[in-house]
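Next up, some structures in structure tokens.
Heads up, the next two complexes both have chain A, just with different partners, chain B and then chain C.
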Partner chain A sequence: MIRVSKSATGRLIDIHGWTAVLFGLALYVVVLTGALAVFSHEIGAWSVGGHGIDDALAGPLDHRLSELTREVPEKYHEELTVSQNAAGYLVAFFHTHEAQAGGGLPEDVGVRFVIDPANMQVVSREEGFADDLPDVSSSFLHDFLVDLHVRLYTPDPVGLYLTGLLGLILLVSAVSGFILHRHLIMDMFLSPRQKLRELRARDRHTLAGTWSLLFAVIVAFTGAFFSFATTLGLPVIAMTAFEGDQQKAIEVVIGVPEEEDPTPASFIGLEPVIRHVQTSEAAGSLPVFVLVEHMGRADARITTFHDPSDGALFTGSHVYSGVDGSYRGEKPALGKSPSLGSDLVSLMGVLHFGLFAGFMSKVIWLALGLATCYLTYSGLNLWCIRREKSTGWRLMSRLNDATAYGTAFALTVASAGFLLSYGRVPEKVVAWTLNGFVSGVIVSLVLALLLPSGWRTQQMFQRVLGLSLIALPVLRLAMSPGPFAVHGLDLTLLISGLLSLIAARRSGADRLRATERVIRQEVRHG
Partner chain B sequence: MAVSHRKVTGNRFRYLYSLRFWLATFVTLLLSVTLMASMSLWLPPGAAGINHLVIPLVIFPLIWAVCFFYAVLETHVIRALCVMLSLLLLNGGLVAASVMGALS
Partner chain C sequence: MVEWLASAALLMSLVGFSYLKFTDPRTRRVARLPAFTGSRRAGLAWGLALLPGPVLLMTGQGAAFVIWLGGAPMLGWCIAALPPVAYRSK
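After this line comes the complex of A and B, so read on.
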């Protein structure tokens, strides 16, 4: 139990409430998309009907990559990244670093190939600055979800500043809520009082807040770090410690080797390295990302990046010579040798993405993420209930409903747009997905503004959301060749849709019983 | 009528006239960024030579939160002002000296 003065309590209540009023709706969108993004890879695989090749990086890469290396301009041999996207395709990006015409820091520029691992045929070839390259259509649903979470689908650095600010807001809300609701353990087992609407709403808000408190603090802290580290922190540190040279600061932090040897030398290829890194002598797992530096030179270096393996907390990376394939050992996430700073940054990633205990931690992170969504929705709802005599707050309540149900509904319509276009008009996947999302938002706003405020609007939203969730697996089965229950998502969507319909039915029945109770009381009292 | 209008306006925007509001927003942001910058000068770099650069980045949200809640919860707002301005001057001076090359 935390005791603070009466005036400080008043200030905390104001902060807790007004931050929700000003930022709650945007925070809800970031938290919901973040909760879903924990399973973004599975969602990406589901969106294309699944793919049977999860280990494309262990396949025959070298022949095709060597052909592509000869095809691209030599300056792009400076770096090559290879990874498998959520739809199962290999993405190889040959690039160098150049500043854009307007100046600024050097950016990745080169040629990106998307390769079908089933036959190693090139699906697409694009050239230009990494940020300007068109989206990869096969993984666009995955990319859209992640982008909406990371930067609210706005350009950098504005989007990152916005989500960083929202991270700090969530941190403030969680800590102020913790100080205000003084009985932490008792509140974990709170049974919401059913008699009064406001009391019930407050109890449910407290209950959700108590269970998701630690999670909210962790994701808020780590999320704010990811948003501000490169946009604000690195320029500030570079200015202080490197006389404004951000490139130098990045090189020191990442741990770029200082000695270079441009003598031409043949490249060993990726296959022997990937075979070795899967042995117990190295990582013992297949990499999720491979970086080749200075291909065709004597100082060529291959670095493989891995998700945390069983029993390990951190992600790992391993370094090999790009000339003879010799193993040079494990590389820390940052710097050239192990350090507290590098471990802390690794911990940030593991905690934010819920990777610390495999599948189970991801499920827990999803559940707590949804609880935090309910927390922001119920908190703002509670604020509006207390002020429902005012027209402005009733409008705010409608916007809260539109955001809470509408974001989820808009995501299902965006998914439907992706599914409808991917198989038939893959070049229009981006437009269909984005138009689907915007249509969902517009429909939600229209519903929220046209329907009378209150439980009937919520019931309508629950019905619409339930039906759209049930329609998604049906549409997915009709449009893509994959089997039922790709990664269990078809089943999850069906169950979620049914639960939403049941919730709509229950809220209607509850309201009917409450109305009957009021009428009986009025009859009894004449 | 004019008095009544001033009262309503004053009530609605009362936070803008509160010293604590500016301490918890503008000064907190300035102080947390300055603390992060100055930490890169006095934190030990460690064996890898990056701790003094990375740890301030990692704990920036924590620095901001501590400054924010100190500004909100400190009983005496003038004391909060003195503490925060002192820290700002001390760390800001260090950062300014480094940027001007006085520390190298």
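After this line comes the complex of A and C, so read on.
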């Protein structure tokens, strides 16, 4: 129990409540999309009906890549990245670094190929600055979900500032809530009391806050770190320690590049390196991302990036010579040799993304994310219940419902837009997905404005969300060739939809019982 | 291996939390249930619930520890949110 004076408590309640009022709705969107993004890879695969080739990087890459290397301008040989997107396609980006016409820091510019791993045919070829390249249509649903979480689908660096700020807001709310709740241990197992609506809302919020406090602090801090690290942290470090030279700061943090040797030399290719890195002598697993630097030169280098192997927490990266394929060892996340700082940065990734132990860690991180969503929703709900005599706060309550259910509903409509367009008009996937999301948001806002505040609004949203969730797997089966239950998502959507409909039915029945109870009490008291 | 270790750790915590919930005096008082008879070994139950953490850390099972760190509060919340009516018959 933390003892604080009455005036300090009042100030803390104001801070806790008003941060929720001002930022809670945006925070909810970021946290919900973050929770779902834990399964973004599965969602991406589901959206295209699944794909049979999960290990495209272990396949025959070199023949096609050497053909493409000859096709692109030589300046783009400086770097090549190869990875497999959520839809199963290989994405190869030959690029160099140049400043845009208006100046600024050098950016990636080059040619991006999307390749079908089944026959190694090029699906699309795009040239330009990385940020200006059109979205890859096959993985757009995945990319949209991640983008909405990382930067609220707004341009950099504004989006990253916004989400970083929201991370700090969550941190402030968690800490102020912790100080405000005086009986943290005593009330830890207290079931929400059902008799009074305000008391029930308070107990629910308190219970959620108590048990998800640790995760809220972790996810808030790590999220803010990832948002601000490159947008604010690096420039500040560069200004204070490197006289404003960001490139020098990056080199020191990431590791000073080896001395350059532009002497022409033949490139070993990716296949022997990928074969070796899968042995126990190196990573023991297939890379998820490969970087080639200075292809065709004596200083060519290949770096493979891996998800954590069984039992390990951290991701790994391994370095090879690009000329003879010799193994140069594991590279830490930061710097050139293992360090505490590098481990701490890796740990932040582990704690924020929850991808370190396959399905089990993903399920738990999804649950933790949804718990934080509930915390945000229930807190704002409690604040509005306490002020529901005011029209403004009743409207806020409806907006809270619209955001809580409406964001999930809008994501289902966005998914429907993707499914409807991907197979028939793939060039319009982006527009259909975005329009679907915006339509879902508009429908939610209209419902919130038309319906009276309270349980009827929640019930309507639960029905709408439930029906849309059930419709998604039906639509997916009709529009894409994959079998039922790609990654279990069809089944998960059906069950979630049914649960939402059951919740709507129960909230109506609960309300009816509560009304009957009030009538009985009134009759008893004459 | 990681999944099995984490599951065993979570099960231990679940047992500890369940005992604490079932015997919690405040929950029983608010729900107008009779007070728990017998000595309430809350310290032992907390120990059981939290023991997997240090054990997994000390044995170098980092991944299982982080799964437990995320999963245990979720289980605790589920147990805590159960209405007291669920064990009223006892």
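Just so it is clear, the second predicted complex is superposed on the first by the 518 of 526 C-alpha atoms of A that agree within 3 Å, B and C clash if a C-alpha of one lies under 4 Å from a C-alpha of the other, contacts with A are read in each partner's own complex, and residues count from 1 in each chain.
In this section, contacts are C-beta pairs under 8 Å (C-beta built on N, C-alpha and C of every residue); 3 or more make two chains touch, one makes a residue touch a chain.
Computed from a prediction, not measured in an experiment: that's the story for all the values here.
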{"item": "Room on chain A for both chain B and chain C (clash or fit)", "value": "fit"}
{"item": "Partner chain(s) touched by A:A371 [first = chain B, second = chain C, both, neither]", "value": "second"}
{"item": "First, second, both or neither for A:G354, with chain B first and chain C second", "value": "second"}
{"item": "Chain A: partner with more touched residues, chain B or chain C", "value": "B"}
{"item": "Which superposed partner A:L207 touches (first chain B, second chain C, both, neither)", "value": "second"}
{"item": "First (chain B), second (chain C), both or neither touched by A:I237", "value": "first"}
{"item": "Chain C versus chain B - closest C-alpha approach in the superposed model, Å", "value": "19"}
{"item": "Chain B and chain C contact sites that coincide on chain A, given as residue numbers", "value": "none"}
{"item": "Chain B - residues contacting chain A, complex", "value": "20, 33, 36-38, 40-41, 46-58, 60-62, 64-65, 68-69, 72-73, 75, 95, 98-99, 101"}
{"item": "Touch list for chain A against partner chain C, complex", "value": "186-194, 204, 207-208, 210-212, 214-215, 308, 310-313, 350-351, 354, 356-358, 360-361, 364-365, 367-368, 371"}
{"item": "Residue ranges of chain C touching chain A (in the complex, touch as defined)", "value": "1-3, 6-7, 17, 20-21, 24, 26-27, 30-31, 61-64, 66-67, 69-71, 73-74, 76-77, 79-84"}
{"item": "Residue ranges of chain A in contact with chain B within the complex", "value": "4-5, 7-8, 11-12, 15, 167-168, 171-172, 175, 220-221, 224-225, 228-229, 232-234, 236-237, 239-241, 243, 249, 252-253, 255, 332, 334-342, 344-345, 348"}
